[in-house]
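Got a structure here, written out as structure tokens. Questions coming.
In order of appearance the chains are A, B, C and D, and numbering begins at 1 in each one.
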Amino acid sequence: MSEKKQIRIGLIGTGLMGRIHTNGYKRLGDFFPEYAYRPVLQVACSRREEKSRAFAEQWGYASYETDWKKVIERDDVDAVDICTPNDTHAEIAIAAAKAGKMILCEKPLARTLEEAEEMVKVIEGAGVRNTVWYNYRRVPAVTLAKQLVDSGKLGKIFHYRANFLQDWTISPDLPQGGDALWRLDADAAGSGVTGDLLAHCIDTAMWLNGGIKDVSAMTETFIKERVHQSSGEKKKVGIDDACTFHCHFDNGSLGLFEATRYARGHKALYTFEINGEHASIRWDLHDLNRLEYFDHRDESIVRGWRSIHVTDGDQPYMDRWWIPGTSIGYEHSFIHQVADFFKSLEGDDPCAPTFKDAYETQKVCQAVLDSAASRSWKDTGVDW
Amino acid sequence: MSEKKQIRIGLIGTGLMGRIHTNGYKRLGDFFPEYAYRPVLQVACSRREEKSRAFAEQWGYASYETDWKKVIERDDVDAVDICTPNDTHAEIAIAAAKAGKMILCEKPLARTLEEAEEMVKVIEGAGVRNTVWYNYRRVPAVTLAKQLVDSGKLGKIFHYRANFLQDWTISPDLPQGGDALWRLDADAAGSGVTGDLLAHCIDTAMWLNGGIKDVSAMTETFIKERVHQSSGEKKKVGIDDACTFHCHFDNGSLGLFEATRYARGHKALYTFEINGEHASIRWDLHDLNRLEYFDHRDESIVRGWRSIHVTDGDQPYMDRWWIPGTSIGYEHSFIHQVADFFKSLEGDDPCAPTFKDAYETQKVCQAVLDSAASRSWKDTGVDW
Amino acid sequence: MSEKKQIRIGLIGTGLMGRIHTNGYKRLGDFFPEYAYRPVLQVACSRREEKSRAFAEQWGYASYETDWKKVIERDDVDAVDICTPNDTHAEIAIAAAKAGKMILCEKPLARTLEEAEEMVKVIEGAGVRNTVWYNYRRVPAVTLAKQLVDSGKLGKIFHYRANFLQDWTISPDLPQGGDALWRLDADAAGSGVTGDLLAHCIDTAMWLNGGIKDVSAMTETFIKERVHQSSGEKKKVGIDDACTFHCHFDNGSLGLFEATRYARGHKALYTFEINGEHASIRWDLHDLNRLEYFDHRDESIVRGWRSIHVTDGDQPYMDRWWIPGTSIGYEHSFIHQVADFFKSLEGDDPCAPTFKDAYETQKVCQAVLDSAASRSWKDTGVDW
Amino acid sequence: MSEKKQIRIGLIGTGLMGRIHTNGYKRLGDFFPEYAYRPVLQVACSRREEKSRAFAEQWGYASYETDWKKVIERDDVDAVDICTPNDTHAEIAIAAAKAGKMILCEKPLARTLEEAEEMVKVIEGAGVRNTVWYNYRRVPAVTLAKQLVDSGKLGKIFHYRANFLQDWTISPDLPQGGDALWRLDADAAGSGVTGDLLAHCIDTAMWLNGGIKDVSAMTETFIKERVHQSSGEKKKVGIDDACTFHCHFDNGSLGLFEATRYARGHKALYTFEINGEHASIRWDLHDLNRLEYFDHRDESIVRGWRSIHVTDGDQPYMDRWWIPGTSIGYEHSFIHQVADFFKSLEGDDPCAPTFKDAYETQKVCQAVLDSAASRSWKDTGVDW
């Protein structure tokens, strides 16, 4: 393995995403052994020393830091992986770009469109490799959906609909802010379900079905006040607890989107469906190895939705894993993104979604929030 | 059976709904034998004599007519059942009311809110018994959903969503107008999926979750021109092929609705889901004997969506049918509505949904169409 | 309708099957109007006068009897429908045949192979029309399965498996015998789940997959004693509560069958699956409008089990009902059997399954019980 | 991590199981960081040097061998992991035990009961740590099933049924023998689906429901001859392509089992269901994160099968992974078995299933094959 070219990773943020990205780096060599580039776990960074040290030790990082600026200053870091809350993405990414580092940034790209725009400007100016962790593109069933759409099997598209339903914030006793619950704090998160959940739906949607032209949205904050963990005092909740929007795609199809954290019974039910002239597709995250497919050209008496268990070697990424019928999980979408990013280093093409792609998604998020606030349709300005 | 009080039915319109209502009348005595009132199949009416006679003969009507006005003029008719295209509902219902007949009218009540308003005014003035065939309320699983909501099991409601997805008009070769395809002709139907499909969704929704306060909608006509059957010439299509809207309910919950005839793979997929603080419910027409139910108060390690096969004797209407595990079908919802209407005759309470209830649904439909046309939010003015 | 030829029905037994057969007779004219023959509800018979009279009145029979022999003696009865407990099938059927009546007999044909053999001998000697109510053949999805098998789509068959799982006798407090619970009384029923449930599975299996050659079975009686309703005293339970068997079909495929009334959570879960070289099929009674179909010849990346909602006009029987996507129920299988029986009267071919067919099924049941008793393989002697 | 006690692994066999076990060793430290023992990838062994070297390099083994005896002779190996075809299990395990190595052996334990008996004798005599890779016990949903059974929630058990359905050997062109297809060669495999698939079903069954007392089985070899890869000539196929058996458990419940490689449409459909007096459970490998649970004590009108998405932190093993709603895969069952084995080293209790446990499973397999051969019931002699 001595001939592999090493990419030294500086990981900033050691929460769920820090863990699952690291798992991705560690598996690359086992499952994509012929790839020319290899990650090296160089440094992990969390603000608290104890946590940072423990994380580095557990996962096998060579060192740790407590100040992200140090990570960027280090000469022995080639790529910065940003897994921190949304309010730090812009500052870190911009600094990393200026330092000439490759950047892998968690989604959503930023809290606001302005932040995102500035990030893209600097990153593109710096000419550094970059990608954003919209990981669901790399679930094999979703990648297969993309292949089917691109093959023309569906024909003209009429409808795209997606939901991302959760139920973990229903209790009014849940506080906002702090390490665990920054997603409920508008200052840290930028928005609620729009940036957290709909951003995923929008990225997948535009990847599969092209640009979103205009939107009409509705948001709601069901729990108006929650204790803030920083002060221990009740504070107005600034995020959107739920958001729905409908829209037009550039290709003339209609979109319908919903995200909420108040759908009792759904842990993380990300679903999408796309209806074309000839065929339709649907998928859901809870049973992520399956893709449902309907083809109207099947003989009429035996026509029905097919439940495809996407675990065969001729289906996306599955030649890397086990045998037909044996499932993979959520974490594998991140492993695949690591793999695709490292593969991209062998050539000149960027690894989508790039910052630029994520910026387009951010435009839709912004238009959604603006539409909800103004109770009017908004053009997105998306250039997909 | 001599002691049963007879209600002589005059059926106007002998298409799908004429058939399925008639089936309902004919089964009442078999399955609800103790009810005091009984339908008598007095007269069936279709415009063409041959069709009218054949229908009467097949189904056992004592006579037939070819002019609906004759039906209303007849002294031997107690109740008029309106199964004609939407453009005739108002005229027939108003005439029937003035003639003192009971009225059972197919949905949607009318083409426009103005028609509906006039109908309600006259019917209420005449004081005649009336009901509108929003039959899905009487699917046992849906009735059970109503019982669960009313019991308070769900707690505060956060979300209501419904879809009605079909795929039967995708071919551009399908003409509009005429006997079979009047639903594609705006003059006859008033609207497209809004009146045909969303009206059902709205009726169920307000029955389960209360009034809809305001809406923001989007409509689309995918096939812009179709041959009109009356002239044989291409004519602009005036109906909405697809419609989505989001809304606020009076109880503070959010609603999301969609109907289309361009969702390849779905024959008649009417689904709804309601998410409450403690529990959630969902249902779909393709598997209408099942109700899905999730209760967060279940012990956490065995918590999951329950698939309830609603075929037991302690579940709504099911003591009338067979044994646990044996399904009933679509037609049974109409039989149940016949039963409930006839039961209501034994007392003073009307059989919901009445014309007044259907008028409220019409308000939402109108607001939806207006919202789509103006690209703005509309208050519905619903008084539920 | 005066030209229709009338078949005057004498119904013996007014329980669940009496009701559901009667419903079948009453629907025939509405849904199969062009058929040349029509049932007339001539006489219903139950042992207790009150029940017999009430049944006749509710369902519209012209008269009633309390002694089945009277029904057979009547000249105004053309066909006898036997819906009584199993211990009376032989005597009634033989008497009816000798009186020259057509016979429609509930399944299982008899309690024992000897009874069944005698019945077939007499009925065939008398040359009367006959059929046995193995109704599941006439569920549209099951009939479609038959079409698919016959078309050769499946190729060589390897496996057939069927289950009939119920849970209604788990309580030890349930008595045996009497009107409602004669199925638990070996004297009345002949056997337990073998005759009641497996007989259905075997009929469908041989219809779809040909004769069963030999069997190896296991039975169990979980509750050894139950109060008998006739005496009020505890009595040994003589029926099989559960039965499993494997077998060879004449075509070389393997069969696996199970029935029980102790499978908690299953009301009436009759399922079968057939695996062929090229394609497979499965079906279950709880969702009877659906047929699952897998075709290995589908393109590999989109291959999966298809869930076919068997409600289209080009699927068996469905041109008689409503519109695509609208379900029918359990009772419709009986309506279809009535229709097919009446259709058969227009020609010379018998309406399968005949007594002779049911006798073959009885051979398998007998071999199953014998195998279980002797703990050895038994040849069935089936001639399919 | 310096304080961790190292267990140096010698892996023999580098096929699918070699890969997935290795993946398990490599994940232990990341996800079970506090465990006292740690695997070290010391040596991998495959017969062909090129393959052995490449495997060691890809997965990070410190060295490689081509003769398994060398692995056992090495002083720097603490534990031997046997992933070779069945015909070598006995010899390797016995040699490893005599050398005082811990042993982790793939299932089935051996080709025959005699081999298994000898293995247990030697291993127990040597007193070495041992476990057999019946990995499905460690799928979280299956482990949860075990907890539910042990909690008494199900009450008295009536039925246990399991299937393991595959379709990968239907083509008659598939050869037998050699690296890839030794499972079709009776000399190498010992048996067909009985040892390969039913052994899994039996292990899970006895773990959940206690000992199997006696069996009655049927086997079939559909393709009688296949080319043997060693000679290139057609040779009689000695394995069972399909096997079914029913049985009695020690607790009085009935069992029904089936395995086949000729069930078109099923890649690896391992399912089991257990029906108790109060509650039932079912599970299937294709959707391995879900457990279906029915509890009769639920309120009757909302009673139904619950689909439990076993991904919460209070469910078995899931506190080690991601967040509720995010699936894990097939490989995780092996990671969990590695974890449990390593955890067991901290105490005196063995890590089930041990060789002794697997020997009991082998007794059932042997009785099944004997029963099929003799067409008679066989006692298993199981001591569970």
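Keep in mind that, in the parts below, a residue touches a chain if its C-beta (ideal position, glycine included) is under 8 Å from a C-beta of that chain, and two chains touch if they have at least 3 such contacts.
This structure is a prediction, so every number in the text was calculated from the model and none was measured.
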{"item": "Farthest chain (mean CA position) relative to chain A", "value": "C"}
{"item": "Contact-richer chain pair (by C-beta pairs counted) among C-D and B-D", "value": "C-D"}
{"item": "Separation of mean Cα positions, chain D and chain A [Å, integer]", "value": "36"}
{"item": "For chain C paired with chain D, centre-to-centre distance based on mean C-alpha positions, whole Å", "value": "42"}
{"item": "Between chain B and chain D, centroid-to-centroid distance (C-alpha), Å", "value": "55"}
{"item": "Per-residue overlap in chain A, given as positions that touch at least 2 other chains", "value": "266, 305, 309, 312"}
{"item": "Contact graph of the chains (line, ring, star, complete, other)", "value": "complete"}
{"item": "For the chain B and chain D complex, residues of the former touching the latter", "value": "144, 147-148, 291-293, 295, 298, 300-309, 312, 314-315"}
{"item": "In the complex with chain A, residue positions of chain D that touch it", "value": "1, 16, 20, 22-23, 26, 29-30, 33, 57-60, 166, 168, 266-269, 285-290, 309, 311-312, 321-332"}
{"item": "Interfacial residue positions of chain B with respect to chain A in the complex", "value": "158-159, 161, 165, 167, 170, 216, 218, 220, 222, 242, 244-246, 248, 252, 254, 256, 258, 260, 262-266, 275-280, 294, 296, 305, 375-377"}
